[in-house]
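Chains: A, B, C and D, in written order; residue numbering restarts at 1 for each.
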Amino acid sequence: MSQPTLNIALIGYKFMGRAHSQAWATVSKFFDLDAQPVMKVVCGRDGAAVSEFAKRWGWQSSCTDWREVVARNDVDVVDISTPGYTHCDIAVAAAQAGKHVFCEKPLAFTLEEARTMRDAAKSAGVKHMVNFNYRRVPAVALAKQMIDAGEIGEVRHARFTYLQDWLVDPQFPMNWRLRADAAGNGAHGDLGSHAIDLARFLVGDIAEVVGMKKTFIEERPAEGTSSGLTAVAGEGTEKVTVDDASLFLAKFADGAIGSFEATRMAPGRKNYNRFEINGSKGSLAWCFEDLNYLDFYATDDPGRARGFRRIIATEGEHPYAGAWWPPGHMMGYDHTFSNAAADLVQAIAHDKCASPCFGAGAKCVAVLEAVDKSIESGAWAAVESI
Amino acid sequence: MSQPTLNIALIGYKFMGRAHSQAWATVSKFFDLDAQPVMKVVCGRDGAAVSEFAKRWGWQSSCTDWREVVARNDVDVVDISTPGYTHCDIAVAAAQAGKHVFCEKPLAFTLEEARTMRDAAKSAGVKHMVNFNYRRVPAVALAKQMIDAGEIGEVRHARFTYLQDWLVDPQFPMNWRLRADAAGNGAHGDLGSHAIDLARFLVGDIAEVVGMKKTFIEERPAEGTSSGLTAVAGEGTEKVTVDDASLFLAKFADGAIGSFEATRMAPGRKNYNRFEINGSKGSLAWCFEDLNYLDFYATDDPGRARGFRRIIATEGEHPYAGAWWPPGHMMGYDHTFSNAAADLVQAIAHDKCASPCFGAGAKCVAVLEAVDKSIESGAWAAVESI
Amino acid sequence: MSQPTLNIALIGYKFMGRAHSQAWATVSKFFDLDAQPVMKVVCGRDGAAVSEFAKRWGWQSSCTDWREVVARNDVDVVDISTPGYTHCDIAVAAAQAGKHVFCEKPLAFTLEEARTMRDAAKSAGVKHMVNFNYRRVPAVALAKQMIDAGEIGEVRHARFTYLQDWLVDPQFPMNWRLRADAAGNGAHGDLGSHAIDLARFLVGDIAEVVGMKKTFIEERPAEGTSSGLTAVAGEGTEKVTVDDASLFLAKFADGAIGSFEATRMAPGRKNYNRFEINGSKGSLAWCFEDLNYLDFYATDDPGRARGFRRIIATEGEHPYAGAWWPPGHMMGYDHTFSNAAADLVQAIAHDKCASPCFGAGAKCVAVLEAVDKSIESGAWAAVESI
Amino acid sequence: MSQPTLNIALIGYKFMGRAHSQAWATVSKFFDLDAQPVMKVVCGRDGAAVSEFAKRWGWQSSCTDWREVVARNDVDVVDISTPGYTHCDIAVAAAQAGKHVFCEKPLAFTLEEARTMRDAAKSAGVKHMVNFNYRRVPAVALAKQMIDAGEIGEVRHARFTYLQDWLVDPQFPMNWRLRADAAGNGAHGDLGSHAIDLARFLVGDIAEVVGMKKTFIEERPAEGTSSGLTAVAGEGTEKVTVDDASLFLAKFADGAIGSFEATRMAPGRKNYNRFEINGSKGSLAWCFEDLNYLDFYATDDPGRARGFRRIIATEGEHPYAGAWWPPGHMMGYDHTFSNAAADLVQAIAHDKCASPCFGAGAKCVAVLEAVDKSIESGAWAAVESI
């Protein structure tokens, strides 16, 4: 094939590293792409572990120093799937080295960092994209199309909740996600950032917020030796330095109003990333726990037959779905990463902006920060413009 | 008011007697009727009990002999809510005495009885109606309207299941519903008759059937002294002489095909009277456990927004619903009896046929019997015409 | 029967008047009560209309002056189902006349009025109850039992939303519910008061709030001649003086955190009064649009079989349900009013406090007011204690 | 790695070929296997097309003659994903050449062929497995574990329906699935075989059946030039020679009773492969359209809190799920193929029987044939033993 190649370097090889690897291994099988991603190198701090990971997942090589990776001539795209506190340094260096940058969310801990990243990417003229993967669920992308087409009219209400329950057990031990220095925020940054990005994607910019955060369990067993995805407790306890939950109200720039909630303390909710949007002509509702469905209500359906339509977003005419299976052959979590990879490859191949770009990532961080400001002041806070 | 009155006599005062009494007490409050039902007399075998019942439920009088009731000059409508083995005698006597007859389902144990009842009512020129109350759920009546309007095209598939679980516990004691001489059939007659009537209402006549019945628990604790609605066991055991479950396949006269199931042995299904009907242009699905909803799929909805619509059948333009509450103010079990009473009163007031009439009741019995014939022969059996 | 009677006087005969009438006509049929309610008199301003209403619904008499009713010696209970601006005067007069008082919600427009009502009732030593009817849905009452029994542990999260859509159409004309002088608030008072009361019932007192209100359609066609439940537009337009929607965040006194939303602008949501409560050991969720169901998740269920249980709250052992029908025979909107009437009658018969009393009604008003204060200040506001 | 390799040869490269390729490319990344599958060669009739497919999906080579593939020394497993009429020849040749055989469903058109295949595999001492992939949905495998553990007691009722809608449009053109010579059966063999296999997996052997089949649209536009997954009509029409739908009743060997339905004519049902099983102690229900959920009802849950539990089968302790993502990160259609591949690899690596083996595949065909016999005779037919 005369198709150009895109050499990918992955930084990080844990949960997100697996999801990104599966995406890169899969994307060009299902999608007709105009460039061919090549799994060039994966980078992590533990040399033996990252080498084994590379073999297992089909990366051509591995290494332990991201600076070395970023400097390689045979790397086109740097894919950052490490914890948030590392994003800025890697992304800026990668951009400065002329690499396209794909970065996990949230883009950064602080708006300042996020702006630095965006500016670096813009100055370098590389493509930049933050991986808010839920935009790539077919049902969510369909919601965006329908809103843009005016099918629910002018948006008035937006309700976003992202509920999980993995911290309900007080014996669940500490890990990096519970430390402010490594994770920045708790549920607020981890889950809330997804909710904010979806809201910005579907409804628009947020102007003002007022909110609160809460840590229900303030001390947990210390972290033990990690054992794959299973949490193991060590000796003693450690103070939790992030929130378990955040809630806030929002005024959108265009007049819509909304509420947001993120928590890891909702028993039975495993990955309950849900929204409902009400407009002047209809409503849309979606939840990741039923990811293939989009519920749609149209006020102009005939009166006696009006009701929420439960659309199964797996038809050929639905976004992304045509690349996969026949209608009704459901998609799962990892498909969203392949869909994102496809969009990124095509943006690079056609020299177009990728979306959501680092600017969008920064706007999300601005909302997170505005909530923190409102908590300090006990009053509404404006979202800083980017 | 110059509105004519209709004096009602109720025979039977147990579960169905309560439901009918509530209907007669309620119907003229919510509906604008052209005759005024009057709760004249209730009849039961236990004089003290029926007298107390009359006081509690607002019947003007009570008595213990249905023949006396039937003969009364001041009775216009005889409402039969007693077990099935009594229906024929009472209904025929009532018709012959010139009373309109409202009869609980199934109309009779045998097709012969059912025909006798129908003929008696026809000869007498009285109104006759069998109380298949599920026809009067607004969502079901809406389904009928939509099918008649061609909204799902030509019907091809019909699936009817009526599942309950009150006999799962082997210690649940005997009662009349478990004795062939009193109940005729078990789940087949009790629940299957509802399913058959709904199928006939919505899809049309059934031509041929093949089926089976099963009694999973063949012996149960003897019946003790009854205590209201709670079952109490006596000493010893008694043989169950009816089925716990029946299943059959059906060929409808118009070419549609269907399956039916009735059981009292499905743990967790409390009153799971469900149907799904697929036509050439769409589908409809309903279940009593969500009685206010009708699910509707239309193949001619726009492609990307096609999905089952979950219609909440409580709008003013939905059948019966306008008489009750504003949209979204849900209806329950007893509303179906009031809706039936309203239809009966209007049929009498306007001298029109009530529906489902005894002919329809007889056709339902014919299907029940055809299933029994198919069980005897192990082969498909034709449904006798009425 | 030597059972004492309770003579009821109903003030108001529109939507709520019908619901209350149905409750009084029904309650003693299904419930074994220790006093017998008698439908003595109904009162309304239009003499002809209220007289017709009395005949239709079985009230012994009617009249046009509530002061006369309150003064009658043969009235034991004054049932106030008029718009909110009339509540205080009637309730205070009734209490001072020694009548028990049953009052529609919200109790009053202002905390000052609410306190006056509560004090008058307390001084008079009469029973007083505000009709937050959703407490009387069996599934909701079951949730209360389960929370009190510790089945979900310590409550952490409370999410209350009450969504309707009857104002989405900008051509829907004005009525009293859209005028501040008659209704006090819009969605905030009408729907939000229900949400607040349920939250107080299930979770406890609210300490602090921050919120917002919004009127999306600020001018509507003027009100025409009313025609039953159907809205008819007159000539010209009129300014809407209440909110279409309100949202607020809450800190409960015991440490739980919550969010509240009330709107009449959510297409497809007919009576979507929903809550989800997450505790340290489990979760509960309920929505009026599926009123007979309570969803329950228990963290101590066996691991592989953990999941939200969809409880159908119609079993004999569920609150209120035993009085009605066998399991699976669903209940509707009006059953909640009968359940409330049963509780009130029993409270009077046994000389116990009715619940929710006017104190609870006042506490609800205090939360409504605190939200208004927070809107004025743009900051968190403390809920005044009662 | 010292891990042994397993060289895979895939025959067929259309819909099933893609699904199998994705499985082989993915399985050893997520699962810790004791042999390493190698994508050696893919075989199809169109040399250019299969060569392109090989490059895209990562097969080391391609060829056009399955006999050549079967004879290769460097092939360990022959994976047959071609239409049913080719299965027998390929499988027998592969077995005789000493290759393990993985075969798409239904195993064969006739019981005779199926027995030949099973005998050939047994004689050759190779592993053999038929790809009823729905057994590998975690929620279904969980259902099997729970039934085996007695959690729903003795099974009484089994209800299996598999509904699709891709043939509703009469303009949908012919393809091989609508020709008896290529496909054997229509919905009966394609969808019904899945339902039968799940029933045998979960409930046990079927002893007797009675059923019917129906072709609603007997003539369709001729097949045009195929264009990927999109159907294109050619000129003229062609007679449909398979069924659009089949229904049958079943008596299981152990006393349970069941109903089965398969159709491609149910508007709105995209891949509605559903079962509900009722036992003496509980119930289980599942549908592929919500594949990650298993509904479970236990009669011994505490009375007031009894209800169907909606288990999200994505926990580490659920079958297969631990290999993939954290709880709540949903799985889709293609995961079932990877799960099947993992089981097959492990069976080969540990020299254990794979399941479902060709014997199970033959038993499924025996049920399909018994239904056909019952249709000919119009009476119940015994299922032939294998």
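To be clear about the criterion, a contact is a pair of C-beta atoms (placed from the backbone, for glycine too) under 8 Å apart; a residue touches a chain by one contact, two chains touch by 3 or more.
Quick caveat: nothing in here was measured; it's all calculated off a predicted structure.
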| item | value |
| --- | --- |
| Partition of the remaining chains by touching, absent chain B | one piece |
| Contact-richer chain pair [C-D vs A-D] | A-D |
| Most remote chain, CA-based centroid, reference being chain B | A |
| Chain A and chain D, separation of their C-alpha mean positions in angstrom | 35 |
| Computed distance of Cα centres, chain D from chain C, in Å | 54 |
| Interface hub residues of chain B, defined as touching at least two other chains | 269, 298, 306-308, 312 |
| Chain C to chain D touching residues, read off their complex | 142, 145-146, 151, 293-296, 298, 301, 303-312, 315, 317-318 |
| Sites on chain B touched by chain D in the complex | 152, 156-157, 159, 161, 163, 168-169, 210-212, 214, 216, 245, 247-249, 251, 257, 259, 261, 263, 265-269, 276, 278-283, 297-299, 306-308, 377-380 |
| Residue ranges of chain A in contact with chain D within the complex | 1, 15, 18-19, 21-22, 25-26, 28-29, 55-58, 164, 166, 229-230, 269-272, 288-291, 312, 314, 316, 325-335 |
